[in-house]
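Following: one structure in structure tokens, then a few remarks.
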């Protein structure tokens, strides 16, 4: 998937960390249905806690946007995360016998803390672009994973998960986020962003966040 | 208007600053229709810029909330500000011949900078309650002003403005924000918040923000 | 005074706002000794409160630096402000009969709130450069004012103030801050920063902070 | 060690996580000299990167302090970290053949990212107390570890490290930080902080940071 002009360049700069994330053993096991149910539920609980922090990070992006257009985009994402995606998780977990209160009180694993707090700090330490570079691997990597798994079957016990991230709605969101990254980058770095002094730092942010996604899947395998 | 339990106490602590804000000459002129059109349009332009910063402040509140319930409330407010209230301003201004680009490029007056950046800093310097105490005078003061003007006529050239803030939708929003302030305060300070060490500081935040609202009306009278 | 390569360009971009600040009536009255004592003491009290917020802003810069070198510079400034400059103010005020507690409890004027909170927000909203552009007018403008007044006499009732800001120590600090701005700008925007998309925004930050400095002097004249 | 009134209560609330940190296998190996040199150097490199982030966190505390006294304390800590403790690390590493540039360019391990970014986020999400509760395990735990190892010998290949953290200067710093925690807590929560609604949240912050310290030692054992 391309999702715009900048994302493929950041992805290439991440080197082997990118496939280590998108083709992780957890992902393969989701796709072929071999993932133990306990691992999936454990992942869902941590992902619920993750989404809370991810919503905070997109809300931070609203405070760091330069234009009303950028604010609108980020605020719509916060709204979708809190009003659509969190309830989706709550529903799946409820069906598996986990109450929302159980979710909220679950202890965040260190791999979860590492990833989410790194993203938030990228925003506090830098500017809107730094934050987007740290947010991108999650949003767009899940799009790539979902599309890939769907194209290679997409059935089995985790068909719902695959249908969500491989489906048209989430793919449209990825294209929109890819477009936001492109326009935000050009507005700040001009037409040749890869030749500017800030480029290596943005690639490093993206790569670090990708490494932490790998850690998140590792954690998913150890309930 | 009471809008919950805490707001009336903060309002009382603000002493004469509160009526200086809610019964300001600008407000009276809005109510009796004597406000010059130039002053109203000038106010609308500055209020557009204000709303952008106010949206940022509510987004900051999302990042400082302790519970998903608090996050939901603040995220819904950000969404309403950016997707409903900003377009409302853009519409009124467009009808008066002011494009959105003109609005966005207008220079923020010092009184506007003072108020909005004080609110944002209250959030960065303190916690969720500090931010709510700085946000409260605007949200709830406009509710009080709108309800008062509507009860005393509400017609004339500024009837639309009065109908917006005095109307059921905005009044419901004020009651909801008053409830959020109450629950957030109790969750952090307990059942007798006025006896805790943080109370004077919260009253001071509310009072300072109220003083800066007075300055905003003063500014409105000097296009 | 040049204080590096970037500052003179930002100063030129500020147009008439710069002399409105550095040649303000308050400054002229400091220089020729005609400033009423009450105005000077009033200014000192507000400047004490200003320095507290300014220290917070330089501490924020520590959190937004990219290199240890940048951190060292900003941390040394925080230390100098809190351990040297604040006590200097406390000493002058004590000699005039104002205790530190009186200073700390004084009410910040709106012009003071506008300036300091704008600078802090520049840091939170943007990156290290945005913050430096908002900090620069105060640090370097005082250097220019001090040098100018010292070169044109520097005696009279406010000779101490002039000697402080026109003296070798403060001038050295200005050259160091000018150098920090230069190196930080080149590290992020390259060798031709004025041709990059971010340049107008940085000039606007500098200009807005300069406008707010004018407001601070205005406030100084109205105890 | 007690280091004030509040710290022992937070430490007790951390339960088994506290000894898991302060009596970790890495600590025991430091004390009896059995720690492989490679592990120690690996730890020093990560600790250098840690100290940069820790300096940022104490600088963030300056921006969140309520009084000049609190600001002074935190600014002095930033100064000591950047001007004394970082050079100490640079010196030890240089003696082992590692340049400062090598240190600065080393990749932060996930366990390091988790801990440091969690502390920074505690400050951004909450208030001064939240930040102190997240900072406390590192500062005071090292004091406890150093004092314990020194009292039980303190010689061997890591005698310098033990002498630093067990020595009078660092112990005095711990007592000062313990005092800051006490006074900051009383100023915000009153005389019975453990009975206030915020207490469980502060204990949780302290415990989470302690868990992440355990992870940091684990990381130290796997160069």
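Order of writing sets the chain letters: A, B, C and D. Residues in each chain are counted from 1.
In this text, contacts are C-beta pairs under 8 Å (C-beta built on N, C-alpha and C of every residue); 3 or more make two chains touch, one makes a residue touch a chain.
Chain-to-protein mapping (UniProt): A, B, C, D = Thiaminase (Transcriptional activator TenA).
Nothing here was measured: the structure is a model prediction, and the numbers come from that model.
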- [ ] Would you mind naming the chains that touch chain B and likewise touch chain C?
- [x] A, D
Open item on the list: Given that chain A and chain B are copies and touch, would you call their interface same or different according to whether over half of its residue numbers are shared?
Closed with: same
Open item on the list: Give me the superposition rotation angle from chain A to chain D, based on Cα atoms, as a multiple of 5 degrees.
Closed with: 180
- [ ] Return the chain pair with more inter-chain C-beta contacts, choosing between C-D and A-C.
- [x] C-D
TODO: With chain centres taken as the means of their Cα atoms, state the distance from chain A to chain D in Å.
DONE: 31
Open item on the list: Can you work out the whole-Å distance between the CA centroids of chain C and chain D?
Closed with: 34
Open item on the list: Averaging over Cα atoms per chain, report the distance between chain A and chain C in Å.
Closed with: 41
Open item on the list: Going by the contact rule already set, what residues in chain D reach two or more other chains?
Closed with: 56, 63, 120, 124-125
Task: Residues of chain D touching chain A in the complex - done: 56, 108, 110-111, 113-114, 117-118, 120-121, 124-125, 208, 211-212, 215
Task: Contacting residues of chain D [partner chain B, same complex] - done: 63-64, 66, 124-127, 130, 186-190, 196-198, 201
Open item on the list: Quick check: in the complex, which residue numbers of chain C touch chain D?
Closed with: 52, 55-56, 59-60, 62-63, 67-68, 71-72, 74-76, 78-79, 82-83, 86, 100, 104, 120
